[in-house]
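Letters are used for the chains, namely A, B, C and D, taken in the order the chains are written, and counting of residues starts over at 1 for each.
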């Protein structure tokens, strides 16, 4: 039974932070963090750097050890985190993991303290976010969905965008913690709308990436120089992030994944997962998604054909003729 | 009035031409213009304004009369234009009209003079562009494909973008005439690449508009404020012209077609036609177009259901539930 | 061959059940039936007609009363059914209802007796079928998925086809009860495969109906007499149930839903639901479904546009041009 | 010039023909045949076997020699055929070849005799069929579109189905020649409807094959035995030629292409071509084809990925996960 009584952050620390953030008071909160993968490890590290007392849990002992070295306390289970923390951040791969970490036998809800603030920055479907938040409410705790964009680079630099769903007052409570991990904290609406915004953003992204890939491929095959074609797109009505910042045709942008063999970046399997969330969400409320489902099938085929670990701009490569 | 300083044509050639035409002085080129619709009328007017001697033809006598009042000479047929002009600009609805105006019984090729410069600014498929250019070459004439973007507003203001396919030297010859009608003159490559660039640009545009419509519709139905959702898109990886400049959700942008009942703008039937060109082009060379064909079918359904004359951003409206 | 004469429940029988449970030598089992809708009411009636002692539950008192008049006992809740029945048949609209009736506060599992045989003839996703069967196993009960085809006509006539998932021995136990309601009892494999077979059958059906509709529409618009075109299909490689038995073009078949304004038959909203199950199942195991998802979107659009209550062959009508 | 050597037809038959046709003085007609590929060689052979005087042309000298050995006369060009024949059958790969053989420099129309009956059994788009028939009419000749189904087996056995477009009287003239090559001669309507019927038939076929492939793949992955699943389809509403006669899952049918590595049969590249004709036809009249275009894209991808020469039921294989 760990009884964490943080009375006072060292004044020197407080001075430094209050200069930066200005939100630290005499009450020191313990922040639990569950899910120390590529994203979560950076987020937890940033919380520590900003002066938060952090206690972590992950199924991988390696991941845990790395955070311990950076100053984190270590918990034995999500339930143990719940006993010790006032605020808990979770960063998990998919809905099933979120359900398990919150509702499982050794889950958060087993030992949660009334008043705990739960910040789930996993990318999951909005309905699961609402369901888990409902259970949290029954425990007199508050859960917000806070999925991110910005990738591992943004996680490391602390420049993530958080899309947050929850009530105004709860958003105000959550904001200081999110600001320790990100730069752009957007309040999207009620619980679930953070996930919805993330899902909708990536829906457009997945569609436009395949669209740009089709058009770049067609244009090049019709004899246009790819850089010239991208230039036309970027100064005209085809302009989009997928063409301008992340063009899928090798050689158009020097630093794009396309120009380094589609390594790094955001994997096709992850885009397939996110488009799957959009398909689920639309189906659950009976809304049509003709291009979204086609793009989802496209990424499913890419994964089937062994391109799941390549960057999602490998859509361009998948359109190419196979040499026999 | 005429400010043409045409250097580098042999005087003997000039003599021959003036002998054939009869009414041209030594340094004056006659510009023929065929197709005086919403776009063409403005383009021909701008040529006149810039001091060119212009002779026009259109199947509509009304359209012809309007240009006559602005100082154009009038020809009796495309063939008659060919007899009188050194440069001919055509602006026609579709491939069939281009074939007919160039190759028909009273078409341009019936009377074309050697050395004539042919500038087709219609939007047609690249293959037809190449085919007609081949026939032109047999008549010792030169044809370039010069489709435009910028709409009727750009046509009137003389700020159109021209995407030009043709050889370097021919592009140099064409440029002064195109600059009289547009602002941004892009040389895309060999003959046909102007059309290809236009087709590819509108392919991305048509896809991203349906994609943004699906995502805006989904997000709003999931409870996100549309302006907030568009704001997230526009500062993130969903950013694109269709969201930022032309958002299809009513009320997001004050001056978008969506905010005035999808009137004005670029009609769904025209987008359907342009996506059809992309489908044709891709099929002719065996390249896949999974999202492009789905978007094309979407616009075909919109036209079927009576939305052909509405702006193409009415894709958003077409996704809505019909009240019964 | 089994001639069941259920006259009440004898206490000796109850003793046998509690002691041995297994398969009563006295041949007297109580059959519970939950879900007395268009299908279930006929199924329960047929069980009574074949001499089974039947106890029923439905949320609609009207539905319950109709069965009471036919000789059914009435239970107060699914839990009450579970207390009284040895075999329970459920026929419910969707996965959510199945979960609730089995696992809810007053659900079957609250009072289930060891050895109970559970036959779910709802059409739901295979994963939910497996999940509920797993819970049943923890209660020492056995659940089989037994979705049907044959429609309300087959339900009334007792000629349904049952697609059954479960172990060989359990299938043998279930068969006599299913034969009281249907004619063709197919053992598909382990638990979940009955649902999978149903889902896959309707996946082909939904796709071929839209495909036949597209082709009939195209052919008629190209000038072919619809009966002649259907005749060609039906004697050639386009032959399929959707063309031969259920042709979607009005007038081709005298007794098809198409020839009576798409009334009766199998509603578009139900086909939309079944294709949704296929989409879910495929997504859950990462298998592609390019035509299945497109057909699903097509039916989603039909429902959106107010055609959900029309027969699913109204796909043909949905392809028609709207008169303006 | 005319070399009528009509041997071996019963005189009574000859009387009937002369009664119907009335063109030939000697009652002997020369049949020209152009296009001696896998299909055409068998068709021409059958015409010879039935006693027709046949004169042939093909770009391959090998193909020509084989027919010479079987008793055919040889012509130097399509134009030469036109000089010598009263009836001309063409069997060519695609629209471009038809245009060239009929309208080219040494084409049929260069030397065609008034009254010539032209029977094009190529599979091309209905519009090209109508266009060429219009030109034929200007030469006082009559053209009918007569595409076939039945494959090379049917061509060899003389059991092809002919789908014929043309006027009643012209159909009556054509029928005897078609009956020499096929068994089932279907009059579909006016010129172009033969092609339209073929295109629509193969549209359903292409869609149902991908649909059955998706459903067989899904069911097998969900644990159902493929033969059992096919059995369910074939006795239920999923029944179709693609499942029953030509099941794409290896092992389900002993003699299907699927059970011999997708060799033989009807190549994916040919199905891709035929679906392309459907896409063209639908687009030309503004009719939607949502599943047809998706199926077309699917086959285009198969061709891209090197499966073009495999039987079109390799759609099943293309859905499989690639082993890495």
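Keep this in mind: a contact is a pair of C-beta atoms (placed from the backbone, for glycine too) under 8 Å apart; a residue touches a chain by one contact, two chains touch by 3 or more.
None of these values were measured; they are calculated from a predicted model.
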**Message:** Between A-C and A-B, which chain pair is linked by the larger number of C-beta contacts?
**Reply:** A-B
**Item:** Per Cα centroids, the chain farthest from chain C
**Value:** B
**Request:** Round to the nearest whole Å and give the separation of the Cα centres of chain B and chain C.
**Result:** 55
**Prompt:** When the centre of a chain is set as the mean of its C-alpha atoms, what distance in Å lies between chain A and chain C?
**Reply:** 40
**Complete:** Per the C-alpha means, the centres of chain A and chain B lie apart by a whole-Å value of 43
**Request:** Give me the residues of chain C that touch two or more other chains.
**Result:** 287-290, 294, 297, 301, 304, 319
**Message:** Quick check on the complex: what are the chain C residues that touch chain D?
**Reply:** 126, 149, 161, 163, 184, 186, 188-190, 192-193, 196-197, 199-205, 207-208, 210-212, 214-219, 221-225, 228-229, 231-233, 235-243, 245-246, 278, 281-282, 285, 287-292, 294-295, 297-298, 319
**Fill in**
chain C contacts chain B in the complex at 294, 301, 304-306, 319-322, 324
**Request:** Show which residues of chain A lie in contact with chain C when the two form their complex.
**Result:** 276, 279-280, 283, 286-290, 293-294, 296-297, 300-301, 303-304
